[in-house]
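Listed below are the structures to be examined.
Next come two complexes built around chain A: one with chain B, the other with chain C.
Take a look at the complex of A and B:
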């Protein structure tokens, strides 16, 4: 850009950019390309993958990663990590189950207590971050390990077993199962309601990010916290709020899992937090914050869903899944960085 | 724009002490509409103490600080801001990855709608940003482009335009050209002069570049070790004169005398 162009005082209309460039500039551009590639790959490699029922299975698999991943993506845009999200899902299922079976005898009350519990974990993460001024990686690594220990220790203490009792006979089960874990018939295929919630959350998160004040603040807080503070953005509240949002998403998924399986394995969930983060990063979130999208996290989750199921449909050893996730993560990060660099340069 | 001759800001014998250290004493300063007052001085001369007092970061210990002819003691920048006194610091308070128009309204977003459905009025914000920037003669190709992709001068100008848009009558610019090249400095200086002349903003321009100061300034104050070394309107000054005071005044001419007249051998010994 030349000096002359900077200072031409004429009123001129801004040229709208070509659609191609506009799409390439979106954070989720790389993930969209990746999703198409992975889809085509398994379409060719695994014939059963081509059926519609396989597609709904993939979507379901993706939704169980995608529901927390949306919230994790928002948190990452806000510049923070949450390593406790994976075990927080299990902790929240356990809380609902225990509060019901040991204390209140009603699942509605148990579910509500679990919600408060999950939000409290998020608030604690945020509060610790603000108070200690440590990196969120460390703070949530701490809460992750603590929760992991508590999950198993308390479950053993209360039930004498590593799993909780079956809750399917408890009052409130049917209504809650309808809300969180029912299936909808679409044509001849059954679709889990979790997929519907997932897509709803992605749409809502996109609207919040791009069209509300809070969304503007999330980008600013992650992009340059000091500047945001200087113009009056409540940085601390935004960060604590984001951690609580992750807490909420963990609770929501935990409700779905609880009412699908009726019991909870206290050791479950470990490692999933990295999948949520990986889905967000594949979807275009920057590790340093201030950049990313909710739709991107959904595409990331979709890629992982396709890979999990695709490996099975192709009749390979399921252990290949982890290899694929790792390779995808590296590839996506490189491609995203490259696209972003190009998009920023080409005006 | 109609000019009123009554000063917006007036400092009378203002001073500040940090414990026993006398950081600033006896500063008189008047800022009128449409006037650019340049404050020059070496590092540690008291420039930042002075602008911190004016911007409301802390209060003065001696003298009087009048805004619209009323004595004030600010305890926070917000109070100064409410009276239309805004500071643009070198950090600029911009978020590099955020688009220009979002940065412009960050923290003061325009919203429409009701309750939980309240959302950003992107159209209005976009148009206001475009109008404000074009009024100042800045044409960006795309307001959607991240602020980080702008040149240093453009970024500076966006920050200044934002302060003016949100009601600044007095702009305190803290070394806006310090980190910029020649062309970019020109862009900012042109903009500063324009803001003062066309919009009647009172500008306090802090710099240690006398060339830049002399291009845009109406009044010059040179600080040295917390005291006013020079206080003169443009009419009473030449650039050489300003540079002489800026460079340390008599101190430097003594040094020059020493270096050029003394025999080389003697200075080494």
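Take a look at the complex of A and C:
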């Protein structure tokens, strides 16, 4: 103790933070608080919500938002938006369906072509962004509208209808359905494999963000693009890569939808891009980039799933449905921000 | 969701402008005295049902040598705007779905002022006379709903769930009201958001888990029937399923005995007749219907008559 008095005082003494403080300062801490709040709320309000099978229904709804949302969260941390993600999902399933029924006759080939197609859309988004130096909001708004038109026009041109043909009899259907759309029965509850993939992607994305060089690049590119370039981060490649990652996630969800529901209505998917972005933002991503987490996007999707399903479990007046959903989301987000603000204030 | 709407609206406005520009330029080139008729609907783009209507309209246009302009928007103000748009193009007639009667009233009046005959179809069975339309082609949705209610009574259903994919659209509300009027058991409604199938599936699952007494589900659109069947299977419910409208998948499900019935309003006929009525009026001054609607439904398709319908459904016209 006397030694300390003799030494020159440090400018700012580093104090290891308590475990709890560290957790509370993570970007997803607020969303976790919001999720717990919504969960407890519906647990108390809606007895059917307490069943395990209800939980899996909620998770399923969440997973279909969460799979693209993980990639969108990474993209937002990298400082960009993608408004084309919602219709890109539909475009990918349409591509797989049409490549199969019109050209190759085998769903494996069709699915592979759709993957190339989805990655190409991502690459195009990224490339346009780099070349035009426009804000990604504008670039992807353009591709969003173009894809929306293409989905309907090409489907109509190729099939003569606006929905694709039922693919359930095509070669490769059974194996691909097992991979992308099988269900696991646990007791009386049906667990979709989409939930498993979703959690897997979240874990993988978290690892990349926090433990790899690429993860550091993503944070750097989104936080301070110019400085990142100056210290040698390949900014262009990272951004194009992130858009392609979103393309991949859209393709993955599209495969699930195609093999679960067999046909695709070409007008589907519009508006979902905002749910992906909302899930990321509720989960702690900043609109300005450089901050956020993959786990947060999952919690955001989970909050959304709980809210939409919870309103039904609670049997509230269906005319008020969207109002309740909006109000619950707002409540969750307010709690979320409050927790984050508290955590940041303390050391 | 608000933003989504905005963006969709933007998209549609942009595409409408592009479309109408293209159409205007092509109209200038047309030399013969071909009639130009505009069809305006509240369809969500890329919906099978509406595509069948459009096929019927195209068929009539081809037969009557009519140039058909097809435009659609699922929101009230945008559909009204489309009417203004074609009035400014001086079309010879307008066939429209009166899905949002109040919002569209002003635009309809403008069309009347420009002396353009208007025929209603598909939606607005209660309002077309008030809007002073020339005629109306469609199924009376109240009657169709009432028929469903009676059917459910006949099958001994105790508790029915109605799955509505577009909250606030009058023709869907009318179907529900019709069911409510005649059905003797417990009636509930569930709203979903268009074609987002995972949402449809999980919401129906949630509802069936919330109320395990539901023993019959009715979807207000046929594309949702397979998804709702999935949901019924997923929660192990014993509920039976019937649907409004018809798709090739619905036909297969009826043949397989999984879907009990579909109530068909013959959309092809709606599109066809709407155009044809305008043609008759322009060419011969005819008004059809005798002051009442020209009814295209309801007709039940079930296991007993599904095979006849199947071949037309496969071609995408039923």
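The rule we apply is simple: the second predicted complex is superposed on the first by the 299 of 347 C-alpha atoms of A that agree within 3 Å, B and C clash if a C-alpha of one lies under 4 Å from a C-alpha of the other, contacts with A are read in each partner's own complex, and residues count from 1 in each chain.
Following the convention adopted for this analysis, a contact is a pair of C-beta atoms (placed from the backbone, for glycine too) under 8 Å apart; a residue touches a chain by one contact, two chains touch by 3 or more.
Note that the coordinates shown come from a computational prediction; the quantities given were computed from them, not determined experimentally.
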item	value
Which superposed partner A:291 touches (first chain B, second chain C, both, neither)	first
First (chain B), second (chain C), both or neither touched by A:227	first
Partner chain(s) touched by A:216 [first = chain B, second = chain C, both, neither]	first
Chain B versus chain C as contact partner of A:182, first or second or both or neither	neither
First (chain B), second (chain C), both or neither touched by A:155	second
Chain B or chain C, by number of chain A residues touched	C
Contacts of A:269 with chain B and chain C, given as first, second, both or neither	second
Residues of chain A that lie at the interface with chain B and also at the interface with chain C	none
Sites on chain A touched by chain C in the complex	46, 48, 51, 53-54, 57-58, 60-61, 64, 83, 141, 144-145, 148-149, 151-152, 155-156, 160-163, 166, 183, 188, 190, 257, 260-263, 265-274, 305, 308-309, 312-315, 318-319, 321-322
Interface residues, chain A side, partner chain B - complex	1, 3, 5-12, 14-15, 17, 207, 211-213, 215-217, 219-220, 223-224, 226-228, 230-233, 286, 290-291, 344-345, 347
Complex interface listing, chain C residues touching chain A	1, 3-5, 7-8, 10-11, 14-15, 44-48, 50-51, 167, 188-191, 193-199, 201-203, 205-207, 209-211, 223, 226-227, 230, 234-236, 247-249, 252, 316
Complex contacts: residues of chain B adjacent to chain A	91-98, 102, 105-109, 111, 118-120, 122, 130, 134, 137-139, 141-143, 145-146, 148-149, 151, 153-154, 183, 186-187, 190
